[in-house]
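I am attaching a structure below and will ask some questions about it afterwards.
Going by the order they are written in, the chains are A, B and C; count residues from 1 in each one.
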Amino acid sequence: MLALIAKDLLLEWRHKEQLAAPAVFALLAATLFVFAVDPTPAELTRLGPGALWVSFLFAGTLGLGKVFAPEERDDALTALLLAPVDRTALFLAKAASAALFMGFMEALMTPVFFALFDLPLLPILGRFVLVAGLATAGFSLLGTLLGFLTSRASARELLLPILALPLTLPLLIAAAKATRILLEGPAGPRFADLHLWLTLMLAFDVVFGVLCCWGFERVVEE
Amino acid sequence: MIPLVIATAAAFLVALGAIALYAPLEAVQGVAQKIFYIHVPLAWCAFVAVGVLLVSSLRFLRRSEPRHDRLARAAAEVGIVFATLVLVTGSLWGKAVWGTWWTWDGRLTSTLVLWFLLAGYVLLRSLSEGPPARTARAAAVLGVIAAVDIPIIHLSVQWWRTLHPDPVVLRAGDIGGGLTPRMLTTLSISLAAFSLLLVTLIALRRRIAEAEDEVEALWHLPGRGDLAA
Amino acid sequence: MAHAPAPVPPLRPAAPAPSPAATAHVALLELERVGKAFGRRVALRDVSLVLRRGCGIALLGPNGAGKTTLLRVAAGLMAPTSGRLVVDGSPRAAAVRLRRKVGYVGHQGLLYDTLTARQNLAFFARLYGAGGAERRSREMLRRFGLERHAERRVASFSRGMRQRLALARALLHAPDILLLDEPYTGLDAEGAQLLNRELAGLLENGAALLLATHRFEVPLALAADVAVLAGGELRHAGPTTGMGAHDLASLYDRVVACSR
């Protein structure tokens, strides 16, 4: 499985510029949001988390289509399937690569976003990483499977977000709410709800982790 | 097929009659409340369609029999029609009662997301260009995932915001609370009529899907391989 | 249309020859009445074949006859809709047990074109869990005459070089069961010779070979048996002993003409 991830990283390294594109897109989306809404500094605490996560997930869908692209170009996936590798390991390696790319984009953009929105990142960093990790894991699991399901579809760039974004709505809601609660601090009115959102994301990750492995196995065998 | 269509038509005549003539006028909402007898059965049918999608997708993944796939396809397409109507009637009712076309309340919003999921399913099927067997398997997996996701989405949307009054009919403890017996009877008749409509539409759509598959198969008769390839 | 079954040469069992070394010809992979249908489309119908140690079978047939489907089923990439696979005498989890044993070459290269030739082979060698992945991949590059291009990306390869690399990938783990779909496509004379040498060596070491091809001279060198597939059905199976390329071509024409 490590060999699979290492190969994906190597492949991606060959296209470094593709790694930058989602990050630039996320930044652009957030900038447009500020122009469109023109929020006051106080409103940014309320609206910022939503803008942040919408940008991240939109940018995330850009990366998903590429997860399986190198496997399809010369049907390398068939060679993977022939190898004595468990299908579940194959799928999880793909999802892990997707999560790494998305996490890389988030790590790059989060400080920029917090600076742009003038929000304090350092005090909440530890718990924000937890929120981001849970959201990214779930999004990558579902997104990787959807990327595979849509691999033979035309207009895939369009179809993938149409499928991925509604299905991962619980993650968007939970991540945005949790981030806002973190920003409001322990004195905020709904700090006690934090664990609720974290649990929701964890449950989502577990349910779809299992379901996606199962689904991958069903589709990959013709 | 024809008896089914006739039965549905008859049931609808009865249901419309009951809604118009038999059901009492509600004290607060007046005539506008009568859309309730259409809105609720529609919502019921949309969710039943998703249930059919889930079960037939699972069966198809287990057995690979095309008939399960055709049923899933039919359920999704009919489901999207019902979900659209739920949103439209809900919107009309909201305008009359709350004075607004749309509120971002829990149930209305989950229905909107359901609509997106079914639309995504239909789009995946129509945009896929690979071998039909592979498209069918991909769609079946998506059908299962979407159906499992719906309760989770519903829960998260509920937590996200709840404005809607508690479900009027199925409140724990007192089934039919707030509804007079006549209202309940009308609702039951309407529910039956819409359920029949659901069955009829799915059956018809499935028949069309069978015909489509037959035409498709004609292109690939054994011995014509080199012509079709 | 094939509704009137024309006289077809009698179907003989795949390898009846009771040679003195018969005990060595153990069945590695058996296809038992395998069928594959996509909905109402029938791609394979009741195909039975036995792949034995050290034996090669040439698979002939017109385009669309089901050769590729048969090879993909035999490789465990597709589950048959009827019939079953038997691996080493047991049908249990056949597709999973096939994975380590099968070397498969398809129409596409099954390679990553942004990686170099060496990286491709090293990656797949690591998947097969063999120690010394680097050493093994260098050896395969040398055997297929690619060592000078080891550090070039596959994207810059010519068609023939790509095919050589695809073959090197498939034979990397010295598989027991070789399933080759038109492996000569794009190869020059030297490449074809290299391939023949490799295949002969593997057969000698007890591998089984199923080779789909359109070249009639190939089977005579490598395959003791020939199977002809048309319209998804096995129309002929028998030995090639004593046949020239011309005899095989006329046999093929006769079988295929009868099945139209």
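Everything that follows uses one rule, which is that a residue touches a chain if its C-beta (ideal position, glycine included) is under 8 Å from a C-beta of that chain, and two chains touch if they have at least 3 such contacts.
In this text the structure is predicted, and so the values were computed from the model without any measurement.
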Edges wherever two chains touch, nodes for the chains themselves; is that graph a line, a ring, a star, complete, or other here? complete
Two chains sharing the most contacts, counting C-beta pairs only: A-B
Looking at Cα centroids only, farthest away from chain A lies chain C
When you take the mean of every protein CA atom shown, which chain's own CA mean is nearest to it? A
Taking each chain's centre as the mean of its CA atoms, how far is chain A from chain B in angstrom? 31
When the C-alpha atoms of chain B and chain C are each averaged to a single point, how far apart are the two points in Å? 49
For chain A paired with chain C, centre-to-centre distance based on mean C-alpha positions, whole Å: 41
What positions in chain B touch 2 or more of the other chains? 131, 133
Residue numbers in chain C touching two or more further chains are none
Do you know which chain A residues sit against two or more other chains? 222
In the complex, chain B touches chain C at residues 64, 66, 131-133, 213-214, 216-217, 220-226, 228-229
Which residues of chain C touch chain B once you look at their complex with the stated criterion? 1-2, 38-42, 45, 62-66, 81, 231-233, 259-260
State the interface residues of chain B toward chain A in the complex, per the touch definition above. 61, 113, 116-117, 119-120, 123-124, 127-131, 133-135, 137-138, 140-142, 144-146, 148-149, 152-153, 155-157, 159-160
Under the touch definition given earlier, write down the residues of chain A that touch chain B in their complex. 142, 145-146, 148-156, 159, 162-163, 166-167, 169-170, 173-174, 177, 196, 200, 203-204, 207-208, 211-212, 215, 218-219, 222
Would you mind writing out the residues of chain C in touch with chain A in their complex? 72, 75-79, 95, 99-100, 102, 104, 106, 108-115, 119, 123-124, 126-129, 154, 169
